[in-house]
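Here chain A shows up in two complexes: once beside chain B, once beside chain C.
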Partner chain A sequence: MIESMTGLSLAIVGAALAVLLAGIGSAIGIGIVGQTAAGVVTEDPDKFGPTLLLQALPGTQGIYGLLIGFLILQRTGMIGGTPMEISMAEGWLFLLSGLPIAFVGLMSAIAQGKAAASGVLLIAKRPEELGKAIIYAVMVETYAVLALLMSIMILFGI
Partner chain B sequence: MPNNDRYAYAVGRIRAMETRLLDRGKIDRMVEARSAEEALKVLGESEYGEYLADLGSVHQFEKMLDAELRRIYVELRKISPEPDLINFFAKKFDYHNLKVLIKANKLAEKRDELLVPEVGNIPLAELIRAVGDDDYRNLPSRMRQAAEKLSELLRLDPDPQLVGLLLDRAMYQELEDAVDAQQSSFLKGYFTSLVDLINIKTYLRVRRANRPKDFLQQALLPSGNVDMNKLVQLVEPLEVLVDRLMFSPYAQVVEEGIQMYQKTDTLTRYEKLADDHLIKYAKQAKFVTFGPEPIIGYLLAKENEIKMIRIIMVGKINQLPTEEIKERLRDVYV
Partner chain C sequence: MGIAKMNKLYLVAHQAEKDKVLAILQQLGVLEVSDLQAKDAEGQAWAEMVEEDQEQEALQSLEARLADVRFSLDFLQRYYPAKKSLLAALNDSKMVVNSVQLSSNAAEWDKISANVYAALRKIDEKLMLLRNEETRLQNLKVQLTPWVKLDVPLEEIKATAVVRTELGSLPAAELGQVREELAAAAPACYLQEVNSDRGESLVFVLYHLADADDVLAILKQHNFNRQNFPQLQGTASENLKRIEQELAKAGSERTAALAGAAEQLKYRDQLNYFLDYLTLERDKKQVVSNLARTGNAFILEGWICQSDLPGLKKKLAAACETVEVLAREPEENEAFPVVLENKPIFAPFDFITKLYGTPGPRGLDPTPMLAPFFIVFFGLCMTDAGYGVIIALLGIVGLKLIKTGPARNLMWIFLAGGLSTVFFGWLVGGWFGLPLFGAPLFFDSLEDPMRMLVYAFVLGIIQIFFGMAIQFYRLVRQGKILDAIFDVGFWYLLIIGLLLFIAPGMGGIAQSMALAGAGGLILTQGRAQPTLIKKFFSGLLSLYNITGYLSDVLSYSRLLALGLATAVIALAINTMAGLLAGHPIGYVVMVILLLAGHTFNLIINTLGSYIHSSRLQYIEFYNRFYEGGGRAFVPFRLKTRSIQIQSEWQNK
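After this line comes the complex of A and B, so read on.
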């Protein structure tokens, strides 16, 4: 199988990993917040709006993953052009460029989900502190953004 | 690390429900009320409000508390991803009912009004049948063994004290088994404190009744951290007990509780302090995001709240001075 692999297939593996892992992370993160929010809204339906805001936060990692996946495909000509001939060495570089957002996306989305779920619990008690609850959850976002940045820099350095 | 995400929904609901617990302000307003009727009215804006309309007079306030207790257990059984957690706390009602029924059946002490239906794990009808037929096969093993032994002993010696002694022992053994099965260090810590505080109280009572050492041995529960049998002799002065527990978590409870006990000859203060100690322990649950702790904390907070309303209402109906009611009041969870 290895012999039949080209540089292009390595690049596609990179794109797939970025979308896969970051997407899984976001799904888990949003799921946790959703469960907690459902509990709070059962008792207090007025909290739907603020809890939805918090639930959306861990969703960004999945979007970052998709962005990197999309950029990899575009740079290799899979989208909007003819697929390029890429050497194995270059293929590895494309694959590696997907990894920062893949792994950091996975872990940070779950961590952010937990922080946001705690935020939901916070506003269950103190609805006026929504801003603070969001800030705590958004702090986690920093590291997803840094990983996205590194993925982009590698990608455009190739 | 166990995966506690399955508690996400439950904790969300619990935290929202906690906002409706009675706070210090409402409790104080009830205590300051001029009459029992007025005290009850304070509850109008709380979760108890819905029962108030059905209450004929203030003397029926127990009906309201029973209904609320039932509601909490039904609700928490639905919410908790781990039903055994609620069953653990419901066991005391099974044993309570069994005690009442056995006393009624074997000792002709009929007190049906004390029965607590629809809260425990075992249907009341099943318990009535078991006691009526003297057939305890369907009951949990610890309960069954105790009940069978009890029924034998009561035939020879109809001593009502035996009922409490044997069944309490069986209950705490069953609870200990359940705690080990739950693998929650929070629950284990709570249970250990509960048993220790009961054992200290038992020691004081046995001592006061001038009972011999082997009676104490029988009355003490086995699963605590503090071994009262070894810690202090019945003949030693109480100061020795206070000294020996100086560096235990119960130092404050024991010191102040025993001081008041020596002064007033009642354990009221000790009981209040012991309850406060347990509520303070339960408050740790507030800092847990996901896990069984918030559910346990809420259940204990609610039971504590019901106990407080009972103290206030009994005090108000009997026209006790406000100060005296305040002394008996427990800490609040919120």
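After this line comes the complex of A and C, so read on.
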């Protein structure tokens, strides 16, 4: 099993982890906001627009994960070329490049979902304060952006 | 520019001219009337002159009529919802009325409103009766339906001189046993199963009065549940037929009632206008409770923009005979409401400033300073010229369609952000993820992200240094020159010194600058502390703040990350679409995928760019100089939803 594993398999594990974990995080985060938003909209259907905006915020981590997954596949020739011969050492680097966005994406999307859900409650009472509700949620996103950056830098450094 | 100069205004006039003065003030909409009751009037010379709710009755009558109009409008809205297109909602299209016409129209609207209210109230009651009747009939129908096979008229289910008849239900499983027990105890008893329904047998029982005790005891023991239909004549099936007829009748009556309501729909516009009129009148009456009065005069207190003051004085003097207006500058520590005044190109960016909060009365309006940074950051976060063209076009179309309101400001921001995106996309990005017009003019950020990262940090340092410069200027303007040098100047020295270490051959200068800055900070940052040792240690600890500067600069790396995200997702969409080429159906799917994918990428990244560009202003930039805690100016003005009043007093 171990012998038949090539560097390419390791790289694909990295791509899969980035998409998988960040995607799970976003799904949970968006779900949390959606539950709260649905409750608010039962009272006031006009709040659909602003609550949808808040619900979209924890979705970016999943996109960042997809982005890194795509970049790994592209740089290993899985998309738009022929799969390359990759050494085990390089394969590990590709795998590691997926990890920052995978783990930070997973946790930050859930945390951002909670912040955005509270933001939904904020605009339920004070619709004019949508901007502040968004900013609170975006404070969390910073760390997903930093993780994305690190993933990209490792990937481009290989 | 920036925060408008406000003046405190006192207005004294004769009671007789009160209505006129209030009407003029409301139509001009330049004065914020202070709430005299809300603030502690104790110790003020006029404390006992403040009159409470002096027009309570008029106010109540207005509120009552407002409630009637709202009832009528809500009723019509419930059964005949008025759909307003998004564009009309954004544009706030209103009927234009002359202020003199308004009061003559109001009498007519009042009459219409009263008639509509009476008619709709009657219809509402009718509908409620019909609803109750329908519920009753439906319940009866449910009860009767199982008995449809019983051919005995219901009025005959009763006790006579010798026999008694009963209807009821029994558990179906116990029916056989009941029969046996009855046959044993009262042979003259007759029991017929009429129907069975969900494990219950519906039975008709007939027995001699002499056997009543035995029969009832057996029935009770087996959970007999008696049913009565006291007011019904005829058999169950006859009754069901009649119920259907009555339900149909109720239905047609409801339709007729709603048709009656539909006749009132033609007055909906007038009702909306009247709602506005009543709201305006009520606002005027409510302001009255903020007045102070003596025997014949009243005093009004409020805030006004200095630039609006001469206009107000002139108009009041022209229209009224007894009005006296006094105005003064705010006192040293007096808080005043804040109005942001900016040149037309910056004014739309008020939108971004206000999203965060209102700056303090003695702070600085950050709008003109953040606007250029915001536009540049937005462009860098998108970095795709193709998307930029679409955003700019959306902005142009939006500006054509939307004439007023905050949505128009957003369109300006779209236009500026879109153009910036085209610029940066051309420089370091692509067009919809493709090099449509050759390689990027400067370099491809996707090929050399490290280079782009350095530029992002440089932009961050520029904005942070600019923020520090604003703080320096603010402190100097307040006369705190030493504070400016200690709190801002030394940081400049230290940070620039540290940055110079990167440059080759500057090590010596860099070292001395950084040391001078750090030394200055250690010596001065503890100056508020009482003892020498505390001064030293808080000075030393202040160096720890360097981490704040470091993390703020690192935060600008998001410019690169978001720019790359846009580019890579666009690339991913193009690659996936490219895989489909080469087959007729593949081409169709490809086009759909390209359209949907790029639309998605555009929306999600425009949202991301907007909020992340805002965040860099709010957290990294404001942190250096911003002083919040202001209260937005809320003038006493015409607040309407459906009519726009053309006032003889308003500025054209």
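Definition applied: the second predicted complex is superposed on the first by the 158 of 158 C-alpha atoms of A that agree within 3 Å, B and C clash if a C-alpha of one lies under 4 Å from a C-alpha of the other, contacts with A are read in each partner's own complex, and residues count from 1 in each chain.
Simple rule for what comes next: contacts are C-beta pairs under 8 Å (C-beta built on N, C-alpha and C of every residue); 3 or more make two chains touch, one makes a residue touch a chain.
Please read these numbers as outputs of a predicted model, since none were measured by experiment.
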Original post:
Should the pairing of chain B and chain C on chain A count as a clash or a fit in the superposition?
Top reply: fit
Original post:
Of the two partner chains, chain B (first) and chain C (second), which one does A:Met153 touch, if any: first, second, both, or neither?
Top reply: second
**OP:** Based on the superposed arrangement, let me know which partner A:Ser118 touches: chain B (first), chain C (second), both, or neither?
**Re:** first
Original post:
Between chain B (first) and chain C (second), which does A:Glu43 come into contact with in this model arrangement: first, second, both, or neither?
Top reply: first
Original post:
With the two structures laid over each other on chain A, which partner does A:Ser97 touch: chain B (first), chain C (second), both, or neither?
Top reply: neither
Original post:
After superposition on the shared chain, which partner residues are touched by A:Ile79: those of chain B (first), chain C (second), both, or neither?
Top reply: second
Original post:
Which partner does A:Ile32 reach: the first (chain B), the second (chain C), both, or neither?
Top reply: first
Subject >> Degrees between the directions from chain A toward chain B and toward chain C, using C-alpha centres, nearest 10 >> reply: 50
**OP:** Have a look at where A:Thr60 lands relative to chain B and chain C in the superposition and call it first, second, both or neither.
**Re:** second
Original post:
Which partner, chain B or chain C, touches the larger number of chain A residues?
Top reply: C
Original post:
How far apart, in Å, are the nearest Cα atoms of chain B and chain C after the overlay?
Top reply: 8
**OP:** Enumerate the contact residues on chain C facing chain A in the complex.
**Re:** 355-357, 449-450, 453, 554-555, 557-558, 560-562, 564-565, 568-569, 571-572, 575, 578, 604, 607-608, 611-612, 614-615, 618-619
Subject >> chain A to chain B touching residues, read off their complex >> reply: 32, 35-44, 47, 114, 117-118, 120-121, 124-125
Original post:
For chain A, which residues are in contact with chain C within the complex?
Top reply: 53, 56, 59-60, 63-64, 66-67, 70-71, 74, 79-80, 131-132, 134-135, 138-139, 141-142, 145-146, 148-149, 152-153, 156
**OP:** Could you pull out which chain B residues touch chain A in their complex?
**Re:** 5, 8-19, 79, 289-290
